[in-house]
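Okay, structure first, notes after.
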Amino acid sequence: MSKRPLNVGLVGGGRGAFIVHPHQRAINMDGTRRVTAGALFPDPKIALEEAANWAYPIRGYGSYDEMIAANASLPDEEKLDYILIVTPNHVHFDPAMKALKAGIPVFCEKPLCLNLKEANALVKEVRKRNIPFGVAHTYLGHWTTRLSRFIVRSGLIGEVRWVDSYYLQGWLATKLEATGQQQASWRVDPKRAGVSGCGGDIGTHALMHLRYVTGLEVTHVSAQLETFVEGRPLDDHFTVYCRLNNGGKALVRASQICIGHKNDLGILIAGTKGTVEWRQEEPEKLVVYLNGQPDRVYWRGAVTPGDGFLPKDMPADLLAEVTIPSGHPEGFHDAFARLHRCFEADVRAWKEGKPFQCDGSKYANVEDGWMGIAFLETCVKSSKNKGAWTAMPKKI
Amino acid sequence: MSKRPLNVGLVGGGRGAFIVHPHQRAINMDGTRRVTAGALFPDPKIALEEAANWAYPIRGYGSYDEMIAANASLPDEEKLDYILIVTPNHVHFDPAMKALKAGIPVFCEKPLCLNLKEANALVKEVRKRNIPFGVAHTYLGHWTTRLSRFIVRSGLIGEVRWVDSYYLQGWLATKLEATGQQQASWRVDPKRAGVSGCGGDIGTHALMHLRYVTGLEVTHVSAQLETFVEGRPLDDHFTVYCRLNNGGKALVRASQICIGHKNDLGILIAGTKGTVEWRQEEPEKLVVYLNGQPDRVYWRGAVTPGDGFLPKDMPADLLAEVTIPSGHPEGFHDAFARLHRCFEADVRAWKEGKPFQCDGSKYANVEDGWMGIAFLETCVKSSKNKGAWTAMPKKI
Amino acid sequence: MSKRPLNVGLVGGGRGAFIVHPHQRAINMDGTRRVTAGALFPDPKIALEEAANWAYPIRGYGSYDEMIAANASLPDEEKLDYILIVTPNHVHFDPAMKALKAGIPVFCEKPLCLNLKEANALVKEVRKRNIPFGVAHTYLGHWTTRLSRFIVRSGLIGEVRWVDSYYLQGWLATKLEATGQQQASWRVDPKRAGVSGCGGDIGTHALMHLRYVTGLEVTHVSAQLETFVEGRPLDDHFTVYCRLNNGGKALVRASQICIGHKNDLGILIAGTKGTVEWRQEEPEKLVVYLNGQPDRVYWRGAVTPGDGFLPKDMPADLLAEVTIPSGHPEGFHDAFARLHRCFEADVRAWKEGKPFQCDGSKYANVEDGWMGIAFLETCVKSSKNKGAWTAMPKKI
Amino acid sequence: MSKRPLNVGLVGGGRGAFIVHPHQRAINMDGTRRVTAGALFPDPKIALEEAANWAYPIRGYGSYDEMIAANASLPDEEKLDYILIVTPNHVHFDPAMKALKAGIPVFCEKPLCLNLKEANALVKEVRKRNIPFGVAHTYLGHWTTRLSRFIVRSGLIGEVRWVDSYYLQGWLATKLEATGQQQASWRVDPKRAGVSGCGGDIGTHALMHLRYVTGLEVTHVSAQLETFVEGRPLDDHFTVYCRLNNGGKALVRASQICIGHKNDLGILIAGTKGTVEWRQEEPEKLVVYLNGQPDRVYWRGAVTPGDGFLPKDMPADLLAEVTIPSGHPEGFHDAFARLHRCFEADVRAWKEGKPFQCDGSKYANVEDGWMGIAFLETCVKSSKNKGAWTAMPKKI
């Protein structure tokens, strides 16, 4: 029998917001989740106005404190099943922690928070309460990312020697923040963005992609953070040479000053037996290079187990995650939807008192978020020290 | 103030169905429309079971007759605002006509119906009632398709001389219908598919794309329909040389036997001053070729009016239709969503008694659907006559 | 022991010429052939001047008659081993015939000549004398073309159902001939170009590619020749629907008015088991599509026999024709060089009185040239008859 | 009047050699240069045998000492105009120095020699004698590389902020040298290759490309050299973070263990106003990204001065260097030929006692070669010091 859709409450997302829009499409897309409430703006008056003018009816709140407080007394049909945090980085920790304490699962934009102190607290709270917590590393949601994870972790390209994980953009090549553009302004402000600009905004995606696909961890970094646009207080270009815990090496790179690169996240994983490559701007395609073989171009939805490279017994849950047939392109919204779909499954299981995953295999969890913050802090330290090799903190 | 979402009722979409899924995601995605009811299967018992097990609660009906009949007595909150027809071709006409007669707007899968007689009746009914009616020519919903339409119709590449509009697939290269595969079975059956298999299933998309982008009409055809897979009663390969009403010429081509081509719809429009090219499998990109210029590659979301080719005063509604920034790929679901979004606008205007568009500029309308059927019938006639030049019927 | 390079004499190639340049680079490239003489221009005075100013010393003649006549009395070291004809189409037959009669092998630009009468005479003369004769269908010289021929003719993609062989250019989209541009002027003049402009200039390449790769012959055509640029006496756009002698069908298409298409020759061959695709502008790459397999991208120089698709026992001569390793791109000159290299082998064998190939397997021969002319004449006839199905003449 | 072709003598190039083959094709291609002599192998007997069996007659020598000694007494027609050195790295210095001392111009494979001591000596000798000397940085010879140099150095993309110059290969991902493969064996042997394997073999190309296109110099490096294949005495992966002399930064990267990357040299140059990108494996194409513009894809041979980005007054020598029209791909041999063509011009001028360029604008000169060696030594030092920032030596 059909069950009622999960109810999602927004923290942030009012005027000038960007990332709330793909999130809400991803939430609503399946019909099994819906946005039903929101604390959309820091100013309570504006927050309520924005809610009243939302494209469809939602319950508006003046603040997330109110929204969280009110939840307990709502009838079950209207109770929030999780909250989605889409505020600038400095407003991640507080609502996340309060929601957790109120027993509400949280899906939070990346980076997790501002610093390791906050990150430690969040990890502890999540563990204590054993409650679903997701971090919005969108690009894990592409089916081809799932496939690359399967291929690499199954050892199909041998031992990983080298990874180049990059995320290149060009939109901050000029001093956009000087025009008052909202998305630019907070990203270059240390108070709102944290210790790293480019690294925090997109470098963490590149790190997460490396970790998700390979299962490897960075142990030491030699980082070079650059600020190319004069007068900008944070880095807009970010290059990190990494040692991995299997003896391999990696580059984790990000840039916001490469004009013409729109949203160019990509990864190359070179193993002893083959190479896997993927680019987010062509997300339907995964290329595998093997010695003595033509380039093998795999398309989402056109993958056959037992094809001479892929094993016959591919995991059923991987194959089931394909939606539409190949040639009907999935995109950014679909990746986001896959994350929310998996988070929904965990929230439903948790509500029913059943075991749930939240283990980083389907979306980034709080420990993944912690690792992003640890990475940023270590990189900033190394970079201030002229790129000296610096060890990552001990895993929490 | 927010308004309640529009309610959509499904005709078809039960077990084994394919196209219902992208439709429902497209409907639900924005939060301003939702699927609330369905007559999901020909067998009433299965129809009700399927509805009861739908991923989220919907009102189930044993037949579309019941669903349409019941609608009048529902409270306004629950009344259907439009129905979506996602059945095989032979079950388009009847529910569409009945919904129209009941005063319910209709969004119908292509091709519109089985023959010109049905098509004539639908056009007349829609005109008589002045009610929104859409045909699901998905690929018009890509923003880049909108842009190509603007470029070509504005005369930016001069007069159109030649168009190559094609749609290549490979999934019917073997006799898939012999395995009982549901999607293959009805498409090769003249009773359910109509006079043309490949032409009807995908050739009409290629025709519609040509007409939508250029604004030109086909006046005469010389058609060659082929059946390459033995024992198949309908064409699986479709090639039509066309005269256009501006003196230009075109190929409208489709194939289901080109192994490796997943869903390869594309178009080349060669004008006296330049050429425009687009492929559905890379839907974010539009390429413009001009004499004395480098190839100009336009990306959805990265278009600047007054760039030396595009005029400064581009239409506001065109620019407003972009959703997420460039580099965050839109896909198939997004194209579908854009169609439903525009149809929603027309339905809302119509409900309020205001003028509405439904003029083919944002999605295909009933006259576009008629033209697809007229084209198929003319092509079949020409092909039976060894490709003799055959005139299209007079526009309704 | 090293042997002296073959000596090549040019017919045509003086001022304003284009195709002579890639030919001479291709001839000289290996060191085993060299251009040593030339009758470079119709006007004897200019011909001698041009020869005197050639980039390196060659023996100049006032006419090809002189060059051919003089040859017999030259010492062996200086005798011409073959002549290369790079004049406009109407000056192919006469020098070719005269060289043949003088016992000199001929490498001739395409199309072979102006009409079937000339073509018949050339075929007969070549057969009578059993002497090497080549036609410059450049694109057969790409290694990837060789590979595609092997794949298709070995039945690796099953029976051929459908071929789309196309050659799109845009350089004649405006009336370039009105500016006096030499390359444009003769190509649109029936006296110098023959019965077809676009078809003769590039359509014959598309036909030859189809025949070379598949081994199939066209039996009937339904042709549509268009002239889009006003006042041009010959076609500038050429579309032919073909029946093949195995029951398959094909499009042979060419255009000179598709702005932005530089030299876009390409082919798609759809068989019952797979599809092969190739484009001349990316000549290093051959894509093979098979059911249940990822797209297989083969690169010249990176092909491994016994890779799961290609058989273990690939022909040694095919593998030996690769020059530099993959990733070091071959181009247009390399394709031309491969043709001259193979023609050289035949000329050397012939000089030594040994059997030689000249069977169309390594470069187009006189029968291939004949077939091009037969095709053009049949297409012109069909097109004048509104595209009526017209049979090809009986093979000579 | 035509002049006799320049005579070129080979040092190296006998059995198992690779790079001699593209060189000789590039030398012979134009007809204005020809290979006429060779000391092809270290063992004099084999050297003479190989020469006797060369594909065309050349004068064979038992050693380069003999070849150089013999040259003075040859008649002018047969005198060597330059020698080409295509031996492993440890046999660059000696023949180069001896040829210089004999007054013979030298074209030498990269890297220039084994160490700075040798490099210093060569620079001094060349300067003293004022004689043409070229280093075979092939990829400077692509026309698109010339165009990128013009664009970047003209300031058309503003000030250079960031360069990513890379060269990725995969052929040494396994221990190929253990099989006795000749090309692999010497490249991993410090005695024959020098201080760096991957860096020396291909990293110097990446450095040279950066320097040629931008005109900038590396001032400091932080280098990480890796050896991924066990037991290999030299690096097979090479990553260098660089400070440039305009304040910009760069990555110079090379790898021989990225399976599937054939010969993947490429460059991204991000300036304050735009980005330029190029890849050697698609050498006909140069992409320029500008704010507010579509991606601009330039093709060799299809560039129009005054197109809205390129200035009207582009240098005549740049435009004149195009050979065949766009769409007729140039490749590796064409790039090599362009270098030899320009070197020929310098040698001819020098022979006539006229001023000659040899200034690095058309091919790499001895100072460029010196810089490659300086870079390698500095990188090795930095890498041994855990990537510590290390200054480049003072320019000679």
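Note that the chains are named A, B, C and D in the order they appear, and that numbering of residues resets to 1 at the start of each chain.
Following the convention adopted for this analysis, contacts are C-beta pairs under 8 Å (C-beta built on N, C-alpha and C of every residue); 3 or more make two chains touch, one makes a residue touch a chain.
Please read all numbers here as calculations on a predicted model, not as lab measurements.
Touching chain A and chain B at once are the following chains: C, D.
Comparing the chain pairs C-D and B-C, the larger number of C-beta pairs in contact belongs to C-D. With each centre defined as the average position of its C-alpha atoms, the distance from chain B to chain D rounds to 55 Å.
If you average the CA atoms of chain C and of chain D, the two centres end up 34 Å from each other. Centroid to centroid, with C-alpha atoms defining each point, chain B and chain C lie 43 Å apart.
Contact with two or more other chains is made by residues 261, 288, 295, 299, 302 of chain B.
Of all residues in chain C, only 1-5, 18, 21-22, 24-25, 28-32, 34-35, 52-58, 169, 261-264, 280-284, 299, 301-302, 323-334, 337 touch chain D in the complex they form.
Taken together, the chain D residues at the contact with chain B in this complex read 288, 292-299, 302-304, 307-309.
Those residues of chain C that touch chain B in the complex are listed here as 157, 161-162, 170, 173-174, 222, 224, 226, 228, 237, 239, 241, 249, 251, 255, 257-261, 268, 270-275, 277, 287-291, 295, 386-387, 389.
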